[in-house]
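Both of the next two complexes hold chain A, though its partner changes from chain B to chain C.
On to the complex of A and B.
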């Protein structure tokens, strides 16, 4: 490459944004990575271990950290990209705080948000003490301490799949893909940490789509005594002993079931991030009925936006696991480079 | 004198419709249930009769209700109905007073000018002629508006009008021809004879100046008579049958007859009293928010009238009751739809033309056979309780409401039993809304047994759906209260101490609580006690449906979401801090549809409770809230 390197702005410093930034920098491009939080990293920063092999999340976190230690990458934190527009032959972005940045291309990697479990009020999140989300359970793993709100050790934990996913009533018809295998992973971790604690997973289908996921599911049943019950929990309440009581239909046995739990974990799904939606709104980027960004083709244009010089990477287009997010980010770089070379 | 054979079509039509109406009314009366017959007989000799006459004058002639809603539309209806009425009354007087002899046949009054072409050139008769022309002009102005409305509905503030059948169309054309042909007939006759007032006289002399008026006049007299005769003959099979039937409906309603739960003469009368005006379509959220335009009450009634299979129409309705609220004829549209939901299979047959004149329909309610039984429910022995709290299935999906109610009742020192704490049995209302009354009755009996055995004097429920069925379909000694009423009672008798929340809130009337049960004031009293209550754009009896209604058996989630978003937008137009409702289903539905915080009235009140509620309530002696209510 001759002359001054071309400049790419990346909106979002999660897994996809970091991988795209690192790859572009390796190829000699100048990159500005805009992250809304205090530091780049994204949701993985809260995670303790990753499926399917339960490797420590720290290994991937340190890979990502090294990925952006590069002289071609300029990182701006506590900032969001508010609008993308055409400027001359390239693009200009408006950043929160009123500044403007010009570039030759933009990669949108605004990612996902976890479903707000309060929207499924029947599960009692925010109302009952011992109803937590899968993300909060992961923080408990980080602290190496799984306890009820009153500090006592639980003897039965239930994991509720598909909270905010595949649910017409909350306007989310999509499957978030990663929650099933996350539940299996977390169930095993609970059983290893608290061998006397019973664990129940309440699922609609077990969607073990990735390599070694099915094996993990089998392991959970064969070696860790995790109980899987096919049925969607209808409601939760607390009894006089302050234990949670759930109502669920065991659809394999064909009978209604009432069960007491000490902790109920809601496997919250993925939704398009609010900041990404605002950016899409302001910049005229199309979104699908699932509210994620719509690419020009599901099969061969899955990083392309309908706007010239704007590319998509990662979970702003659909729920994905880390493996797929990294691949998708590299593909976005390939598309970006092809576009920049043609300029 | 010309031949007056032209009166024959009119005479035939008139005597046909008179005889037909008398026979059909008699059959309707004969088919009424015994109690309803007695009601009607008693009503005929009492106050209801006078009330009915007044109502007929105000509504069927002047169309006061439509007038209030839309003055132009009101004027249109009034000029046609009241104008025609005046024309008949004063025409009869004219024929009686100025005619050759007294007690003329009706045709002599209707075609007065034909029989008296030189009449009204001077004195009182001239003045009278002026008056008759004025009435005709009044009607013609309404007719002009009717034509405009048919072709450009938006001009009359109507978004939608119903579609016409071919008999409706012929009847409409004949109706439209009546008055212009009268105008032309009278004008030509007046023109030929130099008589007539400002309308017929002026037009007549103008026409006579270049046309052979005397030769043309009979053509229009024939047209006038033919259009009247055609209209009368088609009346029983067209939408205009509503005109005479509505009179009967008014008498029946004022005598205290109600729809009940099966088809009867009264549902027949209501079916034929519908004018297909389309007001029910305009207010229907399914129409203006979700774009569904073929299921509204006008189409339900039309389907009933024509014996069509309307199962799909019947099931696809939120049962919010807004259409019934605005129906100018006062048809009980909700109960009518429920009767149809109880109906089993019905063959879809297109009635032959002659069949539509049949005096009785073989429509009967063949109730669906129960598909399941609740025999597995076990009888419970409940503990005795002064106050019984029944949260209801829907409230179990909004646990924050239950938590709030517990706090409130503990704070007020209410001794209560939580009837369905460990999961109860459905109140039965959803089954009733689905037309499954027999199954619902099993659940009602089960719950009634528990409530009776508990000895409770007050039954409090957090769900308006349960509330309505407890009040209407259970036989209970306990006083049924929605929690908004109960909280209001606790506040009034001073057992609930509350702070003031500095929040601006808007209140949404749930369908089953407001229109369904008439509870509008208590929730507002409670809210105003703890926060600043803003008024909503559509509230009270015209409150919107949240879209989540259990009443609709087929509507998709997507369409429901559209209706919910539209209703939430209307409610939060003044950007309140919080949207308050009193129904768990409304709460859940709106929570997905708006950025504004959505809470139940119980949650709002619980937020206004003083801190450290638990310790306070223990010190206080228990109270019996029923004492203050008087009728508990």
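On to the complex of A and C.
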């Protein structure tokens, strides 16, 4: 690279945005990383231990922190990217607060949003105390305390797969990919913290698609006595003992089943982030029927937008785990560099 | 072993448990699919069966009924279609948007036609 380094703006400072920023900076580009939250990190800041190996999430968080300690990277927090437009031969972005920033290219890495579990009313989230989401269970792990709302220790916990995913009733036909293995990971964590607490996973299909996921599933059965019941829970209620009661078909036995639970954990799915959606609308970026950003080709154009100088990284395009998000972000950098070299 | 002994121990001739896919007949499935195309979307989650009041008291099971239809297992299907009360509770649950109640209604119609050799 000759002369003044070219400048790339990254919208969103989650795993994808951070990895893209670090990679570009290593290659000598000037980077501005814009994050709407208080600090970069995105969703993984909330996670406790990560699948597939249940390593402490802190290890990956500190990798990411170091990744953006770089003199070529300028980080702007508490700022939202509102619009991307062409400007001269490059691009300009409008930021919240009315400011503007110019660059040679933009990488969009606005990530995902968790499904709002209140939209599945029949599960009683926000109505019954002991119905929580998978993200809230991660917070309990972080505090090292799994208790019911009244402070007592649960003796049976049920994890409900596919909440807000694969469900026409909430307008999400897609599979969120990470929640089956998250359930298995969380089931093991519960069993380790509370050895006398029974754990049940209610699934429709076990989607163990990544390396060592199936092994984790096997480990859950072999060493942790996690129970698996195949069926979609149709509803939850509370009985006079203030215990949750769920209804499901045990599809393998071919009979309806009812069960009392102390805590019901909803494995909430991944949706396109609202702030990414607004950015897409303001900037003319296309979205697929699943509402995530649509790339120009599912196979060989998976980081490309249909707008010149704008590239995509991470879960703003589809649900992904951390491994795939990092690979996708690096690939976005390769596409960006190819574009900048041709300018 | 004498015939007598065989009877005592229950060695009568059993009907095969096999789903003989090539011997069974999928006319009923095709009739239903043509009239209620959403039937194709069932992914056997059992949400309907969990919600169904009829299924709590009888062996009725809508998810299993769908499978019988797909496989062309007409005999067990015959019994299933009579048990649904067409209340529509299952419709509220189905994550694939199958028009479940209509599947039962059309299945009953298909069987009537089959018996009259009209299918």
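Brief remarks on what is shown
The criterion applied here is as follows: the second predicted complex is superposed on the first by the 343 of 343 C-alpha atoms of A that agree within 3 Å, B and C clash if a C-alpha of one lies under 4 Å from a C-alpha of the other, contacts with A are read in each partner's own complex, and residues count from 1 in each chain.
Throughout what follows, contacts are C-beta pairs under 8 Å (C-beta built on N, C-alpha and C of every residue); 3 or more make two chains touch, one makes a residue touch a chain.
These numbers come from a predicted model, not from an experiment.
After overlaying the two complexes on the shared chain, residue contacts for A:124 are found with chain B alone; chain C is out of touch.
After overlaying the two complexes on the shared chain, residue contacts for A:168 are found with chain B and with chain C alike. In the superposition on chain A, contact of A:247 is made with both chain B and chain C.
Applying the stated contact rule after C-alpha superposition, one finds that A:204 touches chain C and leaves chain B untouched.
Of the two partner chains placed around the shared chain by superposition, neither chain B nor chain C is touched by A:215.
Legend: residue contacts after superposition of the two complexes on their common chain; A:235 is shown touching both chain B and chain C. When the two complexes are superposed on chain A, the residues of chain A that touch both chain B and chain C are 122, 168-169, 234-235, 247.
Taken together, the chain C residues at the contact with chain A in this complex read 43-52, 55-56, 61, 63-64, 93-97.
Contact residues of chain A toward chain C in the complex are 122, 162, 166-169, 204, 230-235, 247-251, 254-257.
Residues 119, 121-122, 124, 127-128, 168-171, 234-237, 239, 245, 247, 258 of chain A are the ones that touch chain B when the two sit in their complex. Contact residues of chain B toward chain A in the complex are 396-400, 402-403, 421-423, 557-558, 561, 587-588, 591-592.
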